[in-house]
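These are the structures in question, set out in turn.
You will see chain A twice below: alongside chain B first, and alongside chain C after that.
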Partner chain A sequence: MPAGRPGPAAQSARRPPPLLPLLLLCVLGAPRAGSGAHTAVISPQDPTLLIGSSLQATCSVHGDPPGTTAEGLYWTLNGRRLPPELSRVLNASTLALALANLNGSRQQSGDNLVCHARDGSILAGSCLYVGLPPEKPFNISCWSKNMKDLTCRWTPGAHGETFLHTNYSLKYKLRWYGQDNTCEEYHTVGPHSCHIPKDLALFTPYEIWVEATNRLGSARSDVLTLDILDVVTTDPPPDVHVSRVGGLEDQLSVRWVSPPALKDFLFQAKYQIRYRVEDSVDWKVVDDVSNQTSCRLAGLKPGTVYFVQVRCNPFGIYGSKKAGIWSEWSHPTAASTPRSERPGPGGGACEPRGGEPSSGPVRRELKQFLGWLKKHAYCSNLSFRLYDQWRAWMQKSHKTRNQDEGILPSGRRGAARGPSR
Partner chain B sequence: MDLRAGDSWGMLACLCTVLWHLPAVPALNRTGDPGPGPSIQKTYDLTRYLEHQLRSLAGTYLNYLGPPFNEPDFNPPRLGAETLPRATVNLEVWRSLNDKLRLTQNYEAYSHLLCYLRGLNRQAATAELRRSLAHFCTSLQGLLGSIAGVMAALGYPLPQPLPGTEPTWAPGPAHSDFLQKMDDFWLLKELQTWLWRSAKDFNRLKKKMQPPAAAVTLHLEAHGF
Partner chain C sequence: MSQREGSLEDPQADDSVSLLPHLEAKIRQTHSLARLLTKYAEQLLQEYVQHQGDPFGLPGFSPPRLPVAGLSAPAPGHAGLPLPERLRLDAAALAALPPLLDVVRRHQAELNPRVPRLLRRLEDAARQARALGAAVETVLAALGAAARGPWHEPSAATAAAAAAASAAGVFPAKVLGLRVCGLYSEWVSRTEGDLSQLVPEGPA
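The block that comes next holds the complex of A and B.
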């Protein structure tokens, strides 16, 4: 587009471009309306070629005024004038061109080969499509959101560089029911993806494959067979809340809700929690959180802000033997532990709510607690709260005793000390 | 009508004629009615916005067509582009366009251009280009609606497309790919020129629609009246 804008005066003074007398002729079509001066034809018109092949082209000039010759004509390819040694005058009205060992097309719309008159004006043009046939797409992976739809992704063969526009088509059919279907919504999660929004059947496997086609040929991926129920994913758990546990400086309580879309089916859901300190990029992961909607993180640093996320896997839905696909992580929720002087090492499991013996250090601690309880408890229903009270008491008593414990070895948070009585 | 000095009947006739035509002046002197002014302003703003959007769309599209199409002074023969609505117009003709004609020309031009643009969205272009084109078409549709709004506010009928004269950009199966590229080039160029012109069209309309600062005064020469 020319730079600068013409004012009204310039607009009125604008004359038809001087090139107008020079017309192009379609290969098969009749001459277009025009002044009937020079016309030219390039042959071949818009050819498709393999990389490395050669091309012989001709530009034939026709025209009413006799004496229109091939003299002075020249070629450009993608705007660049071609060296004269590649051209030769075949006869009075035809200029030939020989190109060898062609590279892949500079743009997918085709290389622009143009035949120019002596004065530089365009007489004719031809688009060259130089590339490779597609290779087999592979690595098809699919997932279903809440058993309602199916999204698939694949990798194009040859990493996609065919230099030609390549059309990918995802096809699917029910294994024993014959009819091929074509996916219609492309590029939903990246350039090589497709989304099937509805009418999906359960309990019968699907056969899925990808067909790649371009001007030079086509290729088909291997067929992937899958059952919708084996590739189910769901939304991340909503309503994730993280809160402090009383005055405990190294614990936070995480609570969430089972993803509503599959709420009635998630009998065996698995969850994963990850958390990190505000300034860190290293996440700690709590794995194997089965079928519960809360977890207590322990061994945290006091007085620190933590970001927490939860995700869900609809494991074994409708009796599927396989794990499903993990959902996205929930939006990060932040909370901070209460302040203290003593740092604590990290843990990797949910702390039991009370009374359940789990890992070594907690068991030892609980043992001590129960010993203490025998002397002081009078209401076993409140054991959980009493446990917390005891812990808080433990921490306070350490402070007052002013013991210099230093950094405790991992996993032993005050378990080594018994209550001093 | 002509005012002959000293002709009191002539003056009366003039006054009557002026007063007779006054109610037909659209939406100027009615108090409290903003008139078509705000929608003309909006249309003007839209043309500027579209012009900006087109600059980036055209840049991307011409790069897709490849050199020499994306070179600054590229000026190929203008062939199939004969059917495109032309923005270029003689200055005096442009100045003397009445409001209805000015608006109608704009409306018809963009209707055709929108149709051609939709055809431009061809298979071979990249997904990203198709998205940009679709987005631009939507904005252009908005401009059409805005022009229609101005025409309605001024009481002008919308031009109806005559059956059988639907602009078809399908030039036939013999149309070569290179010719198609040239047609695409001219479409974008013409679209750009129209947006430049429309900005001036609507600016002119805006100035016309502004209520005059003082009341309309009639200068009458009174000789022996």
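The block that comes next holds the complex of A and C.
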């Protein structure tokens, strides 16, 4: 058993003269003095120790009446009496304690080591801090909302369990000049996160790192270098509307608005749509909805309620070459496909551009053509609705879903043969 | 206290009658506040011991009841004193508590920084003690019995003494905090009991 010294990394929190504060309490006008005749001092006071290390402590009694001895004194740790074989009487007024292979502290305020008189009264106490130094934090990730701020998250080393209060400090500085700054708003998106709300520069790289400190030491993460423009995210697209496409039982039209905070900068925004049947947890995702604010979902089940969400990735903002960061999904919006006896196949793609009436050059031309036909060719049944029904019929009868970009196959003009309304 | 009946033609009686309902309302409010704070003080004590670790929360835990500079527990003879004297002592104790609770909160901010609820409760307790003390003094003044008890407005030395006690070590700081939270609970409970003797009978 080691001779009476705490572990190599131990630090005592405070070492004042132990009796002075008690005297202060008595002198400063307290109406009644304490009745405890015996007092004692534990040494060391509030040591800090590594897990697995040993501790030698003493309890020295100052008795009144004189002649108080250490006989009958005993120790408790966190309220549990320690076995007598761990203690020994050093001299008439001092009881020693030897603890080996200490476990991590049970609470962050410190383990309570208490010296008791024979009658169980408390003579003195000392708080032990047993733990580990922090390990290097890692996995720092950061994002900027609309280029206005920066939020970073990290993973503490050793899964965060040091058994001691460990302080994490996110630091940042401009790479080539400037002083170190310390983030001040912690725990914004979880326990190991920090938010820098303002005064951030664009087009110049920042260096970001995390410092972890506790009573047993400190550790520093690797430095992350980034430009704010490379980690921009934004709000979900607002005003998401989902509506039926006429009577088409397997299609829904989705429209949204470009996120307003970045609308003047979103030259290359990407969008993603996901949708699911009302009572399902499986989402289908439509990727590559590039830089447009509408989409038609096709191949849906008729007479079914669908929930739809949209999100935005403002990649390429101000010329950034990085992938960008997806926004959160918009609030779910629901709509139902018209009811039909014929089930439709599943699908997962947007309809080609121009899938909406009066949008896109092809449909505009088609509309004009149909209008002309009605006037000159006495085809009174012609309408966009009929055209859409024909398209739906075409989808069902083809195996592959590689539709051309809204261009009608040559030779197929006029009224479509398809399912009747 | 019973409501005095007075004639509406008697101007003095008018004043007395018009003041009484306000005073009674104030007494009821203050008593209700004291009752509420009694419950909060118990919750604070429970939360406090929970975060200091055993043996603080164990039954039978009895640390030395060291005197706290500037404040003592209600004396055993408190209940036998005249009511105005009791209320003066209550008000004085409530005035002495806030700086002590602030010291405890600062200690706990170092010992338990990840327990914001405890820190918030300690901060609220200081504010609530101040409010209740002021309300009791208002009632005393309305009853024509305003005067401070033996404890004066806590001085910087008092708070410094409490801080110095905790500088002796973490365990004494924990004990001090327990003592202060206990005193807070005792005094708001005592105040509630004393005010209950002033509350007029019957519904508010």
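By our rule, the second predicted complex is superposed on the first by the 317 of 421 C-alpha atoms of A that agree within 3 Å, B and C clash if a C-alpha of one lies under 4 Å from a C-alpha of the other, contacts with A are read in each partner's own complex, and residues count from 1 in each chain.
Following the convention adopted for this analysis, contacts are C-beta pairs under 8 Å (C-beta built on N, C-alpha and C of every residue); 3 or more make two chains touch, one makes a residue touch a chain.
Computed from a prediction, not measured in an experiment: that's the story for all the values here.
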{"item": "First, second, both or neither for A:C127, with chain B first and chain C second", "value": "both"}
{"item": "Chain B versus chain C as contact partner of A:N112, first or second or both or neither", "value": "both"}
{"item": "Which superposed partner A:Q45 touches (first chain B, second chain C, both, neither)", "value": "both"}
{"item": "Partner chain(s) touched by A:N78 [first = chain B, second = chain C, both, neither]", "value": "both"}
{"item": "Touching partner for A:V285 - first (chain B), second (chain C), both, neither", "value": "neither"}
{"item": "Residues on chain A lying within both footprints (that of chain B and that of chain C)", "value": "14, 16, 20, 22, 24, 26, 28-29, 32-34, 42, 45-46, 76, 78-80, 106-112, 114, 121-122, 124-127, 165"}
{"item": "Chain A to chain C touching residues, read off their complex", "value": "13-14, 16, 18, 20-22, 24-26, 28-36, 42, 45-46, 76, 78-80, 106-114, 121-122, 124-127, 165"}
{"item": "Touching residues on chain C, where the partner in the complex is chain A", "value": "51-56, 58, 61-70, 72, 111-114, 150, 157-158, 161, 164-172, 174-175"}
{"item": "Touching residues (chain side chain B, partner chain A) in the complex", "value": "58, 62-69, 71-73, 75-80, 82, 87-92, 94, 123-127, 172, 174-179, 181-182, 188-189, 192, 196-197, 200"}
{"item": "Residues of chain A touching chain B in the complex", "value": "1-3, 5-6, 8-9, 11-12, 14, 16-17, 19-20, 22-24, 26-29, 32-34, 42, 45-46, 76, 78-80, 106-112, 114, 121-122, 124-127, 165, 167, 186-187, 191"}
